[in-house]
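Shared between the two complexes below is subunit A, which pairs with subunit B and subunit C, respectively.
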Partner chain A sequence: MDLSNAVWVFIGCSLSGLLTALTGIPMYLRRQSLAGDALAHALLPGVCLGIWLSGYRDHWLVYLAGTGTGLLSIALVNAIHKRSKIPEDGATGISLVLFFGLGLALLSSMQRSGFGNSGVQHLIMGKAAAMLPSEVYVLGGLFVLALFLAWLLFRPLWLFCFDPEFAQSSGMPMRQTEWLLNLWVALVVTASIRSIGMVLTAALLITPAAIGHFLSFKPKYMIGISMLSAGFSGALAAWWSAYQPGISTGAAMVVLLSLFAFFVLLAWPNLGYLSRYWISLLEKKRWIQENILKELWKAKGLSDQELAFRCGISDAKSLRIKRSMAQQGLIEKEKGSWALSSLGQEKASSVVRRHRLWESYLHERLNLPADHLHDNAEIVEHLLTDELESRLEAILSKPEQDPHQSQIPYKKS
Partner chain B sequence: MKIEPIVDVHNLTAGYRRRPAIWNLDFQIQEGKFTGILGPNGSGKSTLLKCLLGQITPYTGYAHLWGQKVDRVRHRIAYVPQKESVDWNFPATVLDVVLMGRYRPGRFWQRLGKKDKEAALYWLEQTGMNHLANRQIGQLSGGQRQRVFLARALAREPSLLFLDEPFAGVDAGSAERILHMLKLLIEQGKSIVMVHHDLVSAGKILDDAILLNTRLVASGPVSEVFNHENLSATYGSDLSILSDVIDLVTRNPGRFKDPRNQKS
Partner chain C sequence: MISAAVLITSLLIAINASIGGTFLVLRRMGMLTDAIAHAILPGLVIGYLLAESRSSPLITLFAAATGLLVTLLIYWLNKYLNVWVEASTGMVYTSFFALGILGVTLFGENADLDTDCILYGELLWIPFRRPLSGTFLDFAPWAVWQQLMLLGLWAILLLPSWPIWKSISFDIDFARTQGLNVERKNVQLLALVSLSTVWSFEAVGAILVMGFMLLPAATAWLWVKRLEHMLALSIALAALSAIGGYVLAWWINLDPSTTMVLVSGTFFLLSLLWQRKSTLRVG
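Up next is the complex of A and B:
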């Protein structure tokens, strides 16, 4: 195909993102996030060796040797971990440093002997601008294969990640599955090294999966969201580095993806940290408003100070909230003090009704003494739904009075 | 005529990291019985269960199901692990988890079909969980989690069911429901092997018991093995010599493994 270089880069980076995101999901779910990082580092000596032997950076020998040293590093981790008391993460650390060191040694000696032009120096940081169509074809082929495998093996893999003990007892070939997954990760990382660079690959394996998991607990949505966020950041990064050639594509991809991850963690509606904080503020305000309504319902002509005191808030805050309530038409000024409007009257009686119904329920059904009821009802009165309220009315058969002999105000029907 | 046992354990010694946790066990479990593996903490109950499930290779002896290695009969067994053994924040719905029970050896690469989904929903209904099918598993209570695990195991339609402490951390309502399901299985002629720690309920619900404290104390019908002598031998602490020898074996640099037991 005759496409301009920028288009190849664009396609290649998007594919890279989609592919690494999909590949990283099993690693993330098996809590082996750092193993991806180690594997990526361990590919370096193999990739260098491949380039050195073949003289090309997109030769099949590069993929073979890269995958080979990657798997070798995992075998080393298993050997160390299973035959000594060194824990798995310790063994991973040892193996990572060993292979990365070997790779760096090979890399520097190759650069000195004139291999600089075949792009070895970009293996670590990634430089997509020099991406070859043949490399994009490999990425595309792997992506199609990944989609097919994910479609076919999605459920058994989910089982494998969720509950290895049960999977083993059902007869799943555990060791073979694990090695196939590792082989796949090694292949994908080798193929994406050109655009992302090996150091940053780990971020693209894990961050998309984390975003997907944060936003959805349904497996298919989780997978979709992970792939889309990584695919988009790949596309954007390609576009960005096309305009500013100095920027490394891998770094751009990781920065964009991480920015998106932080945005999601902080501000995603209903789920992000700030969103939840904002919702809790609104909820607190609603509780205070309902308390004000209740106090005004119980005692008419309260002074402003007395009202603020009964609601446990400062005078200034009380004033602010009352203004907003007046705007909503809940309360109005009457002879110099605040009183309920007819809408406010209705809402207030609902709060009081729920409070007293709940007290009756606690007293009658849970046999709590009369002095244990109020504090609990102060919370539940704000939470009960219409449906729960009518169920309470039904099982208590509409009592006239609460346990403290106060009238329960029912709606006039 | 002697009845063929469903579980046959012979001279079984096994453990982790070269430390034997069970010593020279010999016992058999009969088909159609509700059998409990009982013993104090650290008595090797879980190790025994792992041997029966083929998760660890024994140092000596064997544990056979239907007279064969467990790998050859996996399609006939199911396992309910302890609910603490998994991460409940995992992105999956209740139905996703129960569907995991529909895989059989040799067909893991096949996609599940309509029949599998119907079976999963059926077992969710039987365990009283069908209204929660689309819930995220992390939102379930302890008892509900255990019921999901039971539904997943039963979706395999096993002849022999293994459970690891199914009543630990479970509310009374769920426990009753689980027990009811297990009794139904026994009525249908299925067999159950359960690791259990509560002696009081064990006497009421089990047919047979295996009393374990590193070595086998007794095995057989509950009415016969539950006597003062056996129980004090199981839960007492007269094992100081045995634990000293275990220490010796663990620290000894020699290989403590029967060569006949190497994985084929």
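Up next is the complex of A and C:
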């Protein structure tokens, strides 16, 4: 095909994003993300060897040797981990640095003996602008194959990732599957080096899968989200580097992807950190309001300090919350101290009712002694819903008093 | 050409790194070295850009702070958002590294930084970087003073509370039940590891720092059981591989940092094989 270089780069970057994201998901789910990282670093000696032997950087020998050393590094991790007391992450680090060191030694001796022009220097950081059409074809072929395999083997693979014990007990060849998966990862990473570079491939194996898993537990959504986010960041990075040729496309791709990841983690509606924090703040406020209502219900004409003390909050905070409650019409000022409005009366009696019903339930049904009830009821009174409350009433057949002989305030009907 | 300054610097770097590595390997934080080593890059770039020189303390400060920030971010993602720890490690360090690379390729010319120096380090340039000429400090290269300072900091951190470090390394839950402030010790340890990575980075490169930390410590762990012995043995192994690697580099004309890691790795692999044989004989 006769396309301009920029188009090739664009297609290549998007493809390698899609491909590595799909490949990274099993590694991520099997909690071996960092093994993928080690594997990516460990391709260096193999790829160098391949280029050295064949003289070309898109020769089949390069893929063969790169995949070979990648797999060897995983074998080394397993050997260290199983045959000594060194824990898995130490073993991963050792294997990574050993293979990478070997690769650096090969690389620098190759650069000294005149291989500088064949592009070996870009293996580590990647240089998408120098992508060859043949490399894009390899990526495309692998991507089609990956989609086909993922479709064909979806159920066994998912089982293998999510429930290895069950997979094993139903007769799946675990060791062979694991090695085939590692082989596939090594092949994919070798093919993507051109666009992203060796060090940053780990990002494309891990980050999209983490985004997908954070946003959805459904397998198909998870895969779709991961692939889309990686594919898009690849396309955007290629576009960016077409305008600003000096930048490293791989780094741009990872930066864009990570920005998206951190945005999702921080600010995604309902799931992100900010959203969760906001919900917990609202929840805390509701608890305090309910406690204030309850204290005002129990003792009329409490002084402000006494009320704040009983609710365990500072005077200033209690004042702030009472103002907001007055705005909601829950409480009103009466002869210089706060009292419940009729709406507040209703809400407060509901909180007290739930507290006392729960205490009765714990006492009668769970046989807890009377002095073990209060602390738990202090929490559960905020959690019970109307439905649960009426269930409790029915089960206990509307008791008059709670275990501490206090009246339970029922709604007048 | 064997230069005493390069040899002494690499000896000191290897020794300092192996002290930090001993604790990291024992604490199962081996891959944190990987994360820190990659993640200090954006700190370095920002430092270079702000200071516009290569020997400003600002650079050290920024880079070490980034290293520490990364470990905290990994911990934070894991604790508050339930991101699996290996995934958060991978996510955080790659994003920082990519940011650094992007910075280098965007502003590289101004900052006198290039990707080769990030990978290989520039051990051979060490003798030419000296502190303020004319003062007494001038008699040794900058890197030697840095590493000596670091050795002092390790001594200050470790010696007064040696039993605490021991219990944290081997049985962290016991240390917690004894009321020790484990988190504070963690931060102190990681801060020094981060500093040590930053000061070794220029000399030995980003990724190979990891080898200097993990390999001697892991090798020592294969042979001995007591923390004192492990520390002593890993320092000795680090020193030995620094010297051996330097000689090898001079002999086969490679970058000394690479050969040092390879020598150290050979020690490790030989120990692994030997240990396996001896356990087989016993069992």
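In the analysis below, the second predicted complex is superposed on the first by the 295 of 413 C-alpha atoms of A that agree within 3 Å, B and C clash if a C-alpha of one lies under 4 Å from a C-alpha of the other, contacts with A are read in each partner's own complex, and residues count from 1 in each chain.
By our rule, a residue touches a chain if its C-beta (ideal position, glycine included) is under 8 Å from a C-beta of that chain, and two chains touch if they have at least 3 such contacts.
Remember, predicted model here, so these are calculated numbers, not experimental data.
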{"item": "Touch count on subunit A, higher of subunit B and subunit C", "value": "C"}
{"item": "Contacts of A:153 with subunit B and subunit C, given as first, second, both or neither", "value": "first"}
{"item": "Which of subunit B and subunit C A:410 touches, first, second, both or neither", "value": "neither"}
{"item": "Partner chain in contact with A:168 - subunit B first, subunit C second, else both or neither", "value": "first"}
{"item": "First, second, both or neither for A:60, with subunit B first and subunit C second", "value": "neither"}
{"item": "Partner chain in contact with A:216 - subunit B first, subunit C second, else both or neither", "value": "first"}
{"item": "Which of subunit B and subunit C A:86 touches, first, second, both or neither", "value": "second"}
{"item": "Shared contact residues on subunit A - subunit B and subunit C", "value": "31"}
{"item": "For the subunit A and subunit B complex, residues of the former touching the latter", "value": "29, 31, 152-153, 155-156, 158-159, 161-163, 165-173, 212-213, 216-219, 222"}
{"item": "Subunit C residues within the subunit A interface of the complex", "value": "25, 28-31, 33-34, 38, 77, 80-81, 83-84, 86-91, 94-95, 97-99, 101-102, 104-106, 115-116, 119-120, 205, 207-208, 210-211, 214-215, 218, 221-222, 253-255, 258-259, 261-262, 265, 268-269, 272, 275-276"}
{"item": "Subunit B - residues contacting subunit A, complex", "value": "53-55, 71, 74-75, 77-79, 81, 85-87, 90-93, 96-97, 99-101, 103-106, 108-109, 111-112, 136, 138, 152, 156, 162"}
{"item": "Parts of subunit A lying in touch with subunit C, wherever the complex brings them together", "value": "28, 31-34, 36-37, 41, 79-80, 83-87, 89-94, 96-98, 100-102, 104-105, 108-109, 112, 121, 124-125, 199-200, 202-203, 205-207, 209-210, 214, 244, 246-248, 250-255, 258-259, 261-262, 265, 273"}
